[in-house]
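Chain naming follows the written order as A, B and C, and within any one chain the residues start at number 1.
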């Protein structure tokens, strides 16, 4: 019976080839083609990197502190979310007081309060908690390394404790999404164990976000509907549909054939075709850095600041941007000029090949004696942009200044693992630099883990074993600066010093290109990895 | 006959066990620590160890195999490292989708292949034969994922006749046999059908040509029997082998659709396998390959038994 | 089931081996005569030979450096001055890349089949000649691998081992070994019981001599022809692995990988982007037709 059916179906399909698919009724539904191969986890701590936070974190859930995603023309900063204000306790700098927003309810109707915050901290930090979920720890703990526990002060106030004074905690907390304890308990009552309860929760989650999940087909689609009871500005679109389309060409084809309204990361080569069909290409620099990270130990040519500076000056970032079809912003520091942490570096990173040659000559190298630098790179990877084309371009480009660049191409996961092992480990295979891109919206991830001596392997990502007491002091000062303005000033001094010492070979910032149908209105692409899905609507 | 049936089924058991062992070993020969697929490299060491214990990755190999086999027999293929969902829950929907795609492609390939092969075999050596065999060779020689990309550009992007990806407006879970959903099946099915089309054409051509050369067919034709009778005779004699080829092709398509599913984002086992490889989600890789291979073993058995039933002349040792 | 029923091709080859053995004098001369009269087979052979020559002498023939590109001239169309077939996404000459790419593509198409030919023939002849438990052990192991569709087997092995040429070759070899064992075993079995083999055995010739002189001499031809037909499959499989990111790694030129990296250019320079696919297609179709022609020529009835 089934076969006959299938046969009929196939035959029926043949003569019908010429029929055009009918337009689907829209009704304010935005269909988005993601780059992930699966719907990111929906239980509150998404996987799939920051694309997960972007699509199943921020729209479904809120965190105590949130990113301001409303403007395209200024750096995205931390703003109040489910907490309206916070301060560190002057008597005990490891203790923070957070005042919670009143009148917020979860999608299931249960109230958001201090108990819910404590429950959500315990889900990843308290192994004894009945709802502790090991799977969420890996996705969360490393993004808020100093948080230890939470304590209720009253229904609308909590105290959070850190392992050491850490002024960066409010920024880290953007990664802890608040799931509904009441909804989870209901799932728990119908399931054999906590893990199963979390799986059930993921299928029918409950947060406080501007959208609630209405349908989840793993690996195929997630549908979200507007939360009309949202505490803040409500979403304009009625529904959002998320579709995982990992293949770049398939994404482009899906947009061009009208199957989706918006795609993430179109390939640069498809952009002319997209533009010709009136698609809108959005882009904005992201807090992302695509660098070569130097090895500072003895024997590495990059231990010499003159060679690091020469490299920074020799790179033709505009040419690279052309290679990427314009989808890149030249990086002249970890953050861009104008950012609160920019500072005023004395070393002006630009393309100046003569100055680069002069510095090289000063260091004892020249056209007849090129300096050989071995860089460990990957062929692909999240945030790595187009690593092979870009590195090959740099290799060709730097040859004319007197750099002989060699590559050790390894698998992305291996490269990422090596990053924690350091340049003296056998895994580095004698490389003088490593090409791992990173997110830079949080000072710990942007600077501290690379430049503090105690972050050397195996602790964190100070791959090059950089060790300078001056930098350690500046970092300690930043950690202990609890006034935002004071903290930003300390970070700016740190960043300026880093640029002066050329602690990275800064090459590119990703601009997060996305293409959308002209029917999508009101979309704002902030200077962030994230977007505010409340803003766009469809016509 | 009955004895043969029993023996044939019993024979499949050790094969199935060996296939299981191969699938288990697949994960063991894989380089790298599977734990890296679960926790980010910058997670603290004690968290890594905790997760390792939670997933049973700290036990010795034979124990892991024993546990694994015990669970597999009960239908538990483990949990995806990436999503934490049971492998079977994703796999079961994926298999349905792949089966649908592969069946359509096999039927499409079979019908066209039989037509081409029949014509070629009947008029062997003629220009029709040349054309049909060339199409057949082209079918098995074309890199089909490339053909898929070209079809997308022509029919989805340029002409906008057919959707480029996915399994329908609501995903595969609310699939229905209407045009709105079925149009999603057309391009992948056509792309996937070129291989069985080529193989079936060649096989049918050979079978038909051989039967046409047999003396009694020549005699039948000489007696001026109606064409239809000759045709029926040919069909009757060619059916068992053609059926066998088609059955095996369905199996090959089930396992071979990975490239086509990737091109069309068709939510089947191929796409599942592809993402499992990229995320190094070894339980999913293992489970998918195991189930597809078992399906193939079962299909082989079925084809064999059907062939015997249809053509008692085939002697069985 | 494939594990008990030989496929049509295998049965055909066994018949041919027997024919070859019985009429060893003049049989191959006859085959050659028939091949010469078949223009399609000859044309395919010439195309392949020409390709082989170009590939072998790639550094002399290719107009540019296969690795040196330029951002200024990336993705130029067909017929550009100095770049007759255009340039790729890094501004490298397509003609040069295709010529050099042929090396790795042919390598990846032929080496696994050649390895499988050596291993498979050895094991298959051993199984076929020794019979009994040896046959049982070898053939039942083969059956296990036959339980996997070939694409699945290749993807499974190279997916587990990770990307790279070596792993891809290993995976592809494992795909073809069982197939060649099957054919070798069935042709050996059919030759083994022929009169002259029996005669040799009764005249006291050692097993090794019998295998070397009487068996191998007669089975190698048919197995070889079967193997040439596998080259086409192997090329498509290996380029498919590269397409999935499991085969060759950039910046090495290889047709499958070029197809992969150029596929986003299908909107900008569709004709340039399809060239590597066309190369795979032409090579693969020629190998197929060549193999068909040889098989037909060996079939005395046809």
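In this section, a contact is a pair of C-beta atoms (placed from the backbone, for glycine too) under 8 Å apart; a residue touches a chain by one contact, two chains touch by 3 or more.
If you're wondering where the values come from, they're calculated on a predicted model, not measured in any experiment.
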{"item": "Farthest-lying chain, centroid of Cα atoms versus that of chain C", "value": "A"}
{"item": "Chain nearest the overall C-alpha centroid of the shown protein atoms", "value": "B"}
{"item": "Whole-Å separation of chain centres (CA-atom averages), chain A against chain C", "value": "45"}
{"item": "For chain A paired with chain B, centre-to-centre distance based on mean C-alpha positions, whole Å", "value": "38"}
{"item": "Chain B and chain C, separation of their C-alpha mean positions in angstrom", "value": "22"}
{"item": "Junction residues of chain A - those touching two or more other chains", "value": "249, 252, 273"}
{"item": "Sites on chain B at which at least two other chains make contact", "value": "32, 149, 153, 157, 262, 274, 278"}
{"item": "Contacts with two or more other chains, residues of chain C listed in rising order", "value": "162, 245, 263, 266-267"}
{"item": "Contact set on chain C toward chain A in their complex", "value": "67-71, 74-75, 89-90, 162-163, 245, 249-251, 263-268"}
{"item": "Touch list for chain B against partner chain A, complex", "value": "32, 36-44, 47, 50-51, 54, 82-85, 89-90, 93-94, 100, 103-104, 107-108, 149, 152-153, 155-157, 160-167, 169-173, 177, 179-180, 182-183, 185-186, 189, 262-265, 267, 271-272, 274-275, 278-280"}
{"item": "Chain B partner contacts - residues on chain A that touch it in the complex", "value": "3, 5-7, 9-10, 12-13, 16-22, 24, 37-38, 41, 47, 127, 134-135, 137-139, 141-142, 195, 198-199, 217-221, 243-247, 249-250, 252-254, 256-259, 273, 413-414, 416-417, 419-420, 460-461"}
{"item": "Footprint of chain C on chain A - complex, ascending", "value": "248-249, 252, 267-270, 272-273, 319, 322-323, 379-380, 388-389, 392-393, 396, 409, 411"}
{"item": "Touching residues on chain B, where the partner in the complex is chain C", "value": "8, 11, 14-16, 18-19, 22-23, 26-27, 29-32, 133, 137-138, 140-146, 149-150, 153, 157, 203, 206-207, 241, 244, 248, 251-256, 258-259, 262, 273-274, 276-278, 282, 285, 289, 292-293, 296-297, 300-301, 303-304, 307, 314, 316"}
